[in-house]
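Both complexes shown next keep chain A, but they swap its partner, so chain B is in the first and chain C is in the second.
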Partner chain A sequence: MPVPKFAIQKPAWTPFNVVAGIIVVVGLVVTVIRFTQGLAATTNLSDYNPWGIWIGFDLLVGVALAAGGYVTSAACYIFGLKRFHSAVRPAILTGFLGYTLVVLALHYDVGRPWRLPYPFIVQRGTTSLLFEVAACVALYLTVLFIEFSPAAMEWLGLKRARQIVVKLTLVLTIFGVVLSTLHQSSLGALFLIAPSKLHPLWYSPYLALYFFVSSIIAGLSMVIFESTMAHRYFHNKMDAEHLRQADGVALGFGKAAAWVLAGYFVIKVVGIAQADTWGYLATSYGAWFLVELLGFVLLPCYAFAISVREKNLKLIRWTAAWSVVGIVVNRFNVGLVAFNYHLPSSERYFPHWMEIAISVFVVTIGVLVYKFIVTHMPILYSHPDYDAH
Partner chain B sequence: MSISRRKFLGWLGAAGAGTTLGRSAHAAGTANFSGYPDALGVLFDVTRCIGCRKCEEACQKVNGLPAPEKPFSDLTVMAQKRRTDSRAYTVVNRYEQDPGVRGPLYRKSQCNHCLEPACASACFVAAFKKQSNGAVTYDESVCVGCRYCMIACPFEIPAYEYDQAFTPRIMKCTFCHPRLVQGQLPGCVEICPAEALTFGKRRDLLRIARERTDRFPGRYLDHVYGETEMGGTAWLTISGVPFRELGMREDLGTTPAPELTKGALSVVPIVAGLWPVLLTGIYAISQRREKIAREEQAAAVTAAVAKAQAEAKAKLADAVAKAEKDKQAAIAKEVKKALEEAAKSSARENPAAAAAEAEKKPN
Partner chain C sequence: MDTPIVTLHDFMLRTESITYLLVVMVLVGFVFFWRFLTDRDEDSTRPDGEHSSDTHH
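Moving on to the complex of A and B:
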């Protein structure tokens, strides 16, 4: 594809570039502080609060919101819903970027990041759910890289290599769904070991299932949300197939999200009944729990259902964004808000500004890399020299 | 190759021994683990503790920990609730009682050395180890610093060296494992001037604790904290006031930490084994559905074509028949016309005869 002329003539000092530039500079400065002064200088982590937003947001939210990759590729290649084909590549790309950023953020969080391969090469702690998470994330990142690679190979003109990878599509997709099922659920299961620290309304033997099912909601909503953003900023990059299918993707994914949200709502209520924690609903934590359950599960479920029936694309897109916020709220609740609920407020955690700066920095890097890739590689359009796979 | 009878029997014996060993190891994996038989422990008697902080001091010395800002003799630090941190493996807290009725109580906290430690279960590099003498030890050389052990520990004991940029470690009481190995007492036990700490085999300590609580029911509550909490701990505590008044959680339950994650972990290989089958099945069904749709479409097209062809054929036959009929009709018409013409011309030649004929006609 020829480079559009206006891209060359675009001024460098756009508001986007200025804001992104400031974030990157601040991020780099904080990075230096983090790796020379340690966690104490950059975080509000404490002995009571060993996990902050670098886990609560960057890991828990990041992995959930990167679920679009496995959800979309499964819909298209396994369930045979070919009408979603144009959504696969953007979803794989954001999934791949999402997981890369998760791993990048983990380097900030763990004390000795250069030892991150130790669980695989030095000593395996197989009784740990974190081992399960680490193994699956590492493998899935590899799978996503391979799934994404045809786009880069088309860009670079590596025809034969691309042919080989394209033949692996089904196997990679199945592998991706297996790994995603495992680590999405295991992120929830991480907290199973601490029933005395997580508020009873959020602690449940079903935690793993909750995290897995809500990751499907996150994936579906993120695909709609990202597509909305892409249409706004990269409309000129989209080919006829992408534009023709876009509304159908939003309608189809919105419908699926409505159903999954309904199922999720039911199993959440089952969890309360099973643990008999109804009494807690009358407390302040209960009120917040109800905000999450009614405001961020039942409401988007209803809104998705209505907007799909009315074919109201605008409402579908707003609902998708709302669901994404709901996932953030849920993961924050499990990881930070309802965790250590028993401690006095003086011992509770609130992020240091540098922690927030790094989280924003990591997301910004993601946006910048996404922007580079969609403007250079065949993501939102099919490369004219290659057959769709 | 010939095998002697003796050699063969020897192999059989080895195989038999192997099976037996394997079975016993397997049994240990599924049954409840109630601790190593001769594991050591410490009984802490709250009623005896005088809050002198000598144990804190000894701990700092024998473990080579950094000296605190205020000396150990300064008891004012106990005005605030403290916890174990990267500079202190053990701390003593003061809990005020009803003034005039009873003086303040003191409680020492340190790693309780669980029989089935949450930290060891949670660590993804297996840096923690439950030693056969009862100590839960930590291997700094493999630690990645994920701090999941701190999330997992129900007693909130492990601390982290957040201020270390390059070599941060988890810091926690080792039960003075290096000293135990050399036959010495843990630093805190050795120094305690009030005999609030009793060191020995855990099963003996349980009996001693029971003797005290049974003999002085007014002085002690009938509960040995650590006997069953989180599956049991090497350190045991007895007290005259409810443990929650000493900052100890009474809602931990008796389930050892590994039990809590066992179910989730057991699902992993099942998903890995079944999901590919299920997904391939769904793929096959969707493929087959597409194939059938294609075949049905093809069949419908063939049928439609055949029908159209038959119709066209019938139409053609009709048209041919009609044309034949038209032709016949045209011939008949022409013949009739010719006959009429002939009749007319003969009438012109012979009008009278024609007229006569015409008159005859109405009859």
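Moving on to the complex of A and C:
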């Protein structure tokens, strides 16, 4: 197997490598503390606040931003939009890594991580939303692994195995869409159990719908964002097809994002009308809610619409990054800011520095693995020995 | 609104009325949004669905 040229030429002590190295070392040290001394030594979690940023960020944001996998493969293989084909592999890879890191982060968060498989083998609790989330995430991670595997098989030269897996593409895509619909919405539905803890502006019987629809926005925006980053840092890895289709992917996904954001804005306003929570908008929480709704939903909706209309690719890419931030803000609001809003500030949760260190560590691991895979495997280009599937 | 909400009927009447008004506005608004979003599509889209290469960063 030929060794990529620039892998040899690049010096090891680049700023990126140094920063990533420091983060990984700190992360490993905190990991040892977490698994030897427990949650109390490394987190500010309590009985009031059992879910911190390892759930609010690593899980809720991670799952939402990994939605690009099902969104892109559904667009390409189910809706037949083959002009987005070049975006499928990068999106599947991002999704696969995203879910892998979600599961990795869960090992830090749950008190006894070795019991993670219990929902399947000991106590099924099939009426529990957590069971549904666990089942779907486990199954979808498997689906993403199989969907990603052709790239690895092409890299390893496993032609026969790749041929078999490629034949499963449509079935896997359908399976992925079904599983994603189920667990993206269930993550929102988890909060339905705590109507008195979540601020009325964020609590809604439609939470499941909000999480699902916003995951589509996250997926579309993340594909544009990730493609922008790949263009910037892995331009030399892209083949002609990827370079030719990139603008079309940004325009198509930008238009779709404008539509979904508009729909999301409407269902959020309808949610306020149905719950009659207009009065809360005049409070400080209301001001923050309006920042989220107007600044991270309506503004990107308008910006996507304008940029698609004007064919302004730069604005589309900036808007996609802004939408990704918006998803982070939304999941933080539901999981942390608006949760336990009635508690005195002394009882409110703020993450321990080690919690933040682990979250940064997990993201860094994702970036490093992404870099390795994109450098070695045919993700941003088609392997010359294989037909596109 | 100044009318106090006493019964479930009062609540439903208020919330559903507002929702229905919102939905009508949304249905009309979406038509304009659709036109805003798509009325320049023909300028840059070739018959095969590929976007033209004159769209640069």
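By our rule, the second predicted complex is superposed on the first by the 384 of 389 C-alpha atoms of A that agree within 3 Å, B and C clash if a C-alpha of one lies under 4 Å from a C-alpha of the other, contacts with A are read in each partner's own complex, and residues count from 1 in each chain.
One rule holds for everything that comes next: a residue touches a chain if its C-beta (ideal position, glycine included) is under 8 Å from a C-beta of that chain, and two chains touch if they have at least 3 such contacts.
The model shown is predicted, which means the values in this text are computed figures rather than measured ones.
In the superposition on chain A, A:H376 makes contact with neither chain B nor chain C. When the shared chain is aligned, chain C comes close enough to touch A:A262, but chain B does not. Once the two structures are overlaid, the count of chain A residues touched is higher for B than for its counterpart among chain B and chain C. By the touch criterion stated above, A:R348 is placed in contact with neither chain B nor chain C. Once chain A of one complex is fitted onto chain A of the other, the partner contacts of A:K197 are limited to chain B, with no touch recorded for chain C.
Of the two partner chains placed around the shared chain by superposition, chain B is the only one that A:D47 touches, whereas chain C remains out of contact. In the superposition on chain A, contact of A:K311 is made with chain C only, not with chain B. In the superposition on chain A, A:I78 contacts chain B only, with no contact to chain C.
Comparing the two interfaces of chain A, the one with chain B and the one with chain C have no residue in common. Those residues of chain C that touch chain A in the shared complex are 5, 11, 14-15, 18-19, 22-23, 26, 30, 33, 36-37, 39-40, 44, 49-51, 53, 55-57. Here chain B touches chain A in the complex through residues 83-86, 118, 120-127, 142-148, 150-152, 154, 156, 158-168, 249, 251-253, 257-258, 260-261, 263-265, 267-268, 271-272, 275-276, 279-280, 282-283, 286-287, 289-290, going by the rule given at the top. Looking at the complex, you find that chain A touches chain C at residues 83, 244, 247-248, 251, 255, 258-259, 262, 266, 269-270, 273-276, 305, 308-309, 311, 313-314.
On chain A, the positions that touch chain B within their shared complex are 35-41, 43, 45-48, 50-51, 74, 77-80, 109-113, 115-116, 118-119, 122-125, 127-132, 134, 170, 173-174, 177-178, 181-182, 185-186, 189-197, 205, 208, 342.
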